[in-house]
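The data blocks that follow each hold one structure.
Shared chain: chain A. Partners: chain B in the first complex, chain C in the second.
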Partner chain A sequence: MPTTQTQTVTVRIPTPLRSYAGDQKTAEAEGATVGDALADLAERYPDLREQLYDGDGDLRSFVNVYVGDEDIRHTGGAETSLDGGEEVSIVPSVAGGAFG
Partner chain B sequence: MRATDDVLNAIRRHGAEAYPEEGCGFLLGEMNADGVRATRVHRAGNERATERERRFTLSPAAYRTAEAAAEDAGLDVVGFYHSHPDAPARPSETDLTEAPFSGYAYVIIGVEDGQPAALTAWQLAPDRSRFVEDDITRDAAATPS
Partner chain C sequence: MPTQTAAPQQNGTTDAELSTDELQRYGRHLTLPDVGREGQEKLKASSVLIVGAGGLGSPLAMYLAAAGVGRLGIVDFDHVEASNLQRQVLYGQSDVGRPKLEAAEERLREINPHVEVERYEARLSSDNVFDVIEDGPGDRSYDLVADGTDNFPTRYLVNDACVMAGVPNVYGSIFRFEGQVSVFATPEGPCYRCAYEEPPPPGLVPSCAEGGVLGVLPGIVGSVQASETIKVLLGIGEPLVGRLLLMDALGADFRTLRLRKNPDCPVCSDDPEQTELIDYEAFCGLPSSDSANGEPMSNADESVPEISVTDYAARREDADAPFLLDVREPHEYEITNLGGTLIPLGELEERLGELDTHRGEEVVVHCRTGGRSAEATKLLRDHGFDAKNLRGGVHAWSDEVDPDVPKY
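Now for the complex of A and B:
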């Protein structure tokens, strides 16, 4: 039977979410893909879950994820595979304006 | 929110210079259980392709650039600012919908006829239902440079 390789990565946590992740700037997570690693992170720090995911279980629209310097939107999204040892960054985007 | 005069004046200046478009950027400083202390401004370009007079966008790439600048200075990204040209310095529905996490300071500078007007600070409620106005305490500490 094939076994699923589990990879450990370092996840960079944006400033206001660190209080949900043991007051750390970075946290370790495991997963063969970015989606798996983020799910593992949310498992380890349950208070992070509702910050990162909407009610449908999708990443919130302003939550962007990078592996190294690559935005995962350009590399396969949550299915982006991990080799282990990468830095995965959770990066917010911001928008708005005077009139909707 | 605590902020130095340098930070508040830099926001006013950027708002006036960007007029009639919206100017925007990042606040760098410290964040702890007591709130945000902003000690530096990191200007960014308004990345909206259209309607820049009433909308702004700070991309994730811009956030990463600001985060790197913050780290170099031993600081963190602690909030965002943008201007409201010829509009009140109050969050709009769009500001609420498109704001990221609670905990950041959200600063708005009103600009009237090209001149900086009211400057306000806001906290996003943890349930994302609304913005709550935050007092701005002027911080006399020197801005690190």
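Now for the complex of A and C:
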């Protein structure tokens, strides 16, 4: 089942992180796994790296990543393999509220 | 009857009888399959605690009152400000300056005099949260908490307290054009900590203060919260237990993601490592102190030298007037400015070179209310600048120096 081929997926960038990703709502990324695809994304948008990863290079705990509607924590984490064409969503915690 | 989740326990209280007035008022509910007279009486016997009477709390409180939830508790300690009116539809022009809860109670009584409104004029904390949650009708707790707060410490506090008290938590949050809703802390479902075990460190993700919010958005999100609240109270439909609803107003896109209970969750697992409330300010990386005006303390740093707006105003015309640096965003500068040089906080580190000519000179840094500028002041001082934070920012300037400067 696990593929090792590089696949292209669409990553949905949440509003709070868009300014770090060229103000785009979605971006294409390539990789055989979710981890690879996110690393590819961080390479294309270096400002995004600090937002997504902690100092040890692990995904930050307040950033959840989904493939389709499933949290990758329940499908193998960064090793979750991609078939291509999936939608990967980055969903950070948001506190608001309405301070403006 | 579809009952995906258990309705909150009514602890044997007999459902309230409906008067003739109420039977007329709730006619469209009484003829609605899944609600009917029995459901309406259940709503009357129910109690909901709404945390925050702002953007989310407005539609929540108004729709739950109109729907006939018997007792509504509301927690807030703010006064109505002009900049609230763009989205906080509980209030009108004549309410500006009034305590929110006073204005809210009046409005809710007008919407439905059959509803009991209980005010809690306090900042919710680990010390008082259980007193409030347990203050339901009679000797019962509130049946449900609806979370319409605006900051991470209170969100985690409300979640943990709901888990410990066994009270479902209907969660909603918003940012710019996007919202999230879920139902946490039901016996079988996940809690907020299952989804997000820890908050982001302060300052890493842009705050709402920089981001703004579409005025209609809390109306959409708060209304979905109200709908979920009624579903949970009545035990009907499929509440967002174990699902996170994401709404994007710009894309007109609604979708749900699956949330699972974390078997190792620090608060809601079978063997939780945290069984008592903690210091939530510290947990969120903030100084554990109160803030006078209810601003989230997100970026404040007590150790940074400050200057008051009046002291700075007095020195503005002097020959040795300090250099003024504005670290807000360009769209905020367009709203109003104090004549400072604009370098947004996020770009400050890489653009420090532009400030080289001001080394050795006094630099006063400001933002909207003083949080981002505290961060910037710290950064500048770390790089050898003689920087001071303008306490209270544009808001304090408007209050104490120039009322023509708008507080946005």
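Side notes on the structure shown:
Basically, the second predicted complex is superposed on the first by the 89 of 100 C-alpha atoms of A that agree within 3 Å, B and C clash if a C-alpha of one lies under 4 Å from a C-alpha of the other, contacts with A are read in each partner's own complex, and residues count from 1 in each chain.
Throughout what follows, contacts are C-beta pairs under 8 Å (C-beta built on N, C-alpha and C of every residue); 3 or more make two chains touch, one makes a residue touch a chain.
Predicted, not measured: the structure shown is a model, and the values here were computed from it.
Within the superposed three-chain model, A:85 lies out of touch with both chain B and chain C [touch as defined at top]. Once the two complexes are overlaid on the shared chain, A:16 sits against chain B and chain C alike. Residue contacts after overlaying the shared chain place A:46 against neither chain B nor chain C. By the touch criterion defined above, A:70 lies against chain C but remains apart from chain B after alignment on the C-alpha atoms of chain A. In the superposed pair of complexes, A:55 makes contact with neither chain B nor chain C.
Contacts of A:94 after superposition: both chain B and chain C are touched. Residues 14-17, 19, 51, 60-62, 64, 66, 71, 89, 91-100 of chain A are contacted both by chain B in one complex and by chain C in the other. Listing the residues of chain A that touch chain B in their complex gives 14-17, 19, 51, 60-64, 66, 71, 89, 91-100.
Within the complex formed with chain A, the chain B residues making contact are 22, 24, 31, 33, 48, 51, 54-61, 63-64, 67, 76-78, 80, 82, 84-87, 91-104.
Put simply, chain C touches chain A in their complex at residues 52, 54-56, 83-84, 86-88, 148-152, 155, 173-178, 180, 195-200, 204-209, 211-213, 218, 244, 246, 251, 255-260, 295-296, 346, 408.
Residue ranges on chain A touching chain C, taken from their complex, read 14-17, 19, 25, 50-51, 60-62, 64, 66, 69-71, 74, 89, 91-100.
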